[in-house]
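For reference, chains read A, B and C in written order, and residue numbers begin at 1 within each chain.
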Amino acid sequence: MNARAKGRGGWSWANLYLIAVFVILYAPILYLVYYSFNAGGTMHGYDGFTLEWYGEVFSDTRLLIIVLNTFVIALFSSAISTALGVVGALAIHKVRRLQAKNALLSLNNVLIVNPDVVIGASFLILFTMIGLKLGFGSVLVSHIAFSVPIVVLMVLPKLQEMNATLIDAARDLGASGWQVLSKVVLPFIKPGIFAGFFMALTYSLDDFAVTFFVTGNGFSTLSVEIYSRARQGVSLSINALSTLLFLFTILLVIGYYLINRRSGKITEAGARP
Amino acid sequence: MKTNSRNLYLIPYAAWIALFVVAPIVLIVYYSFRDIEGNWSLSNYAHFFTPVYMRMTLSSFWYALLITLFSLLVAYPTAYLLTKAKHKQLWLLLIILPSWVNLLLKAYAFIGLFGTYGFANAFLESVGLGRQQILFTDFSFVFVSVYIFIPFMLLPIFNSLEELNPTLIQAARDLGASPWTTFRRVVFPLTIDGVKSGCQAVFIPALSLFMITRLIAGNRVITLGTAIEQHFLVTQDWGMGATIAVFLVIVMAVIMAVTGRRRRGARG
Amino acid sequence: MTDSTIIRFDKVTLQYDGDDAVLSDVSFEIEHGKFYTLLGPSGCGKTTILRLIAGFIQPTQGDIYLSGRRINDVPANKRQVNTVFQDYALFPHLNVYENVAFGLRIKKMKQAAIDAKVKEALRFVNLTGYENREIREMSGGQRQRVAIARAIVNEPEVLLLDEPLSALDLKLRTEMQVELRELQRRLGITFIFVTHDQEEALAMSDEIFVLNQGRIEQSGTPTDIYDEPINRFVADFIGESNILPAVMVRDYLVEFAGREFECVDGGFHPGENVEIVIRPEDLEITAPGEGKLKIRVDSLLFRGVHYEIVGSDEDGNRWLVHSTRKAKVGDEIGLDFEPEAIHIMRFGESEEDFDKRIEEFTEVGDED
């Protein structure tokens, strides 16, 4: 009786704590959204409802081009890095010697654990050395580069999950090497490939530090643009833009959730920087 | 096995490793030995070990340590309560969702929240504490950083708590352990791997933050990350920037090696 | 080599660098249209033989022939054999129909032909109507049938079955034994079945190969192997038995447990040391003093169809008896047996010599 009452009390304290964490996590985002409708033009003192800032976002051609750039970079880089990452995962999976496998995995993870600033700085040196002009190309290449290991990490568990006898079975039924890959292996690891593509997409959309180093003068992505505008102070068109981006993020997450629903694990997706 | 065809997949993948993993690190090391005129020299390293940089390194470590510690203090109970919650997958999704929102936007939001007339000051005023300078202080820097890193600390801890076999807790209780003893002697030791990888996921990036220091701490806090950005993009002293980067890579490698090996040992 | 030979192993050895040979110098022939079983404990090389036939691995030495053609270098996807895997290896992303149709689609067969063949194969394994089911919706026994249908739809000359029944429960396993045997008769193709279960092997096979440590110990029909095991390993592995050291006084007279007994085996040196096997069901309980042996009952277990009695004679030899008659622990009982019940095993005899000697010297034919 006593224990039960105590248990129920504990439950409500627990919920209170969770709600508090939850509120703090969402407060800044909702704050942004709220003031994006503020006619007053600042992030304090609500002066009435307006859609003016949204209008400003949609009439700002420079901003729209940057949004377009960001998405083009994200789509291209995640498509290419997904292809490369799948090949990489297959390569690692095929290596039999444990030492070689671990060595490859460690090299793979360098770009994941390396601080963004170091990646950005070292890519800047690399591109300058090989003479790649800073701009669209350099940003695209660096986004591909840092997305590959994420795709590898998303695909590799699926490959390990796959029973080796499935490949034997396919060969036994007459499949050639290419047919084994296209008819058995790739369909089997498809969820991993999708997850990898999705992660690469969000890594690219959100990247700031690496892009900031390799972007040069003429070219910009959203993160870099928001940074330079935020340094100049509050502008509610950024709020409007954030609201739109937040909605878009929610859509992406819902999409990802639906793709992954079968495995029922969001934890696999992980948080992202 | 004899039937194995050659591993052709390795060719493009190895090319990627060579170009984007090995080459950049080699180049960074190379540049760290060049002075500003492009001659071979150890001057960058000599410079790095002067009090100015040592103080900066120490304060970077200090801030990273604080950020990691506070993230852990908030994230562990949250993760623990999450595993007990009814709709834990939904809760987890809700807690992770903000981490998918562009980092820049969240930092920008805090400029508004912590601003002179922002919500935080309005709140302080209403409880009678009066307006304070919040933005551009150590407090705001650590607070915003912890805010951003909580999900990275939370996830590995949550996963290791989920992996924990619940009968172990029942066994501990059965053997007479109090809830607190059960936590201290059974739950925490068994989730230490999650804590370690969480700390790893927070400490290394926290050491090299530069965007938050610029936007929230307003150059009051200079971390190693800020210094690298400064050298590469402002003063164009790539050699000095590369030297700090080399230092960060070494620190990262050491942290990875230490936590990695211990984890393997604990499992074996 | 006869016309009906479909697979021939010629001194096949398989060895990985530095390790003991997985298979050493194995030669055998497999005929068309029979049910073969490769029987042995785990690690004896039985699955290796199957994988060599399927083409997943290549021999280090020796040659493998399929229908008279050397196939050492023919890749798995070009061989006219199909496999039913131990874990079934059904493709989880394809439904039942597409799993069965997989091999036909690889061959680029026309849709109408695929349809007809898949339907027929599913009918063969009693799965008509399950075409659109997902694999995860099927039970263990049903998956087993899908795996068989997927293999036989390609009309292989040889079907390889790698412990396909090991994941099923006892009742289903017995049912599937009957069905598999029946299926093999209807298809009229060669089945090569791998198992470590001797009862399964005895029940299903036309011919059994008993393997141990990468060698074939003995091959023959189930009755041959059960009644006339070549050595202690085979006798022990196939069923329970009483194995005792003995001395051949002369042909047809053997001495063990301190007494001389008439037997039906010949071709030995007088005074040669041998081992004898008597199956527990060949021992009959009599009143003490009436039988050929006297033992004291040490334990008694009721096994349903019979009692399992363990006793020991005056020399301390342990005797296992299967009898429908009960005995009391501590009692003395007599044991009686026919001369045919004693089977004599020569130490280190090769299978060839063994067969020759049995043919030449065994007195009683098949009339019992």
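Quick notes on this one:
In the analysis below, contacts are C-beta pairs under 8 Å (C-beta built on N, C-alpha and C of every residue); 3 or more make two chains touch, one makes a residue touch a chain.
If you want to know which protein each chain is, UniProt gives these names: A, B = ABC transporter permease; C = Spermidine/putrescine import ATP-binding protein PotA.
It should be emphasised that the depicted structure is a prediction, and the values quoted were computed from it without experimental measurement.
Centrality by Cα centroid goes to chain A. Inter-chain contacts peak for the pair A-B, counting C-beta pairs in contact. With centres defined as mean CA coordinates, chain C is found 61 Å away from chain B (ABC transporter permease). Centre to centre, using the average C-alpha position, chain A (ABC transporter permease) and chain C are separated by 57 Å. Chain A (ABC transporter permease) and chain B (ABC transporter permease) have CA centres that are 17 Å apart. Residues of chain B (ABC transporter permease) in contact with at least two other chains: 1. For chain C, the set of residues that touch two or more other chains comprises 56.
Touching chain B (ABC transporter permease) in their complex are the following residues of chain A (ABC transporter permease): 11, 14-15, 17-18, 21-22, 24-29, 31-32, 35, 42-45, 84, 87-88, 90-92, 94-96, 104, 107-108, 110-111, 113-126, 129, 145-146, 148, 177, 202, 205-206, 208-209, 212-213, 222-223, 226-227, 230-231, 234, 238, 242, 245-246, 249-250, 252-253, 257, 264, 266-267, 269-273.
Residues 54-56, 75-78, 81-83, 85-87, 89-94, 102-103, 106-107, 150-151, 154 of chain C are the ones that touch chain A (ABC transporter permease) when the two sit in their complex. Those residues of chain A (ABC transporter permease) that touch chain C in the complex are listed here as 163, 165-166, 168-176, 179, 183-184, 187-188, 190.
Taken in their complex, chain B (ABC transporter permease) has these residues touching chain A (ABC transporter permease): 1, 4-5, 7, 9-10, 12-14, 16-17, 19-25, 27-28, 31, 74, 77-78, 81-82, 84-85, 89, 91-113, 115, 117-119, 122, 147, 150-152, 154-155, 158-159, 162, 200, 204-205, 207-208, 210-211, 214-215, 225, 228-229, 232-233, 238, 241-242, 245, 248-249, 252, 256.
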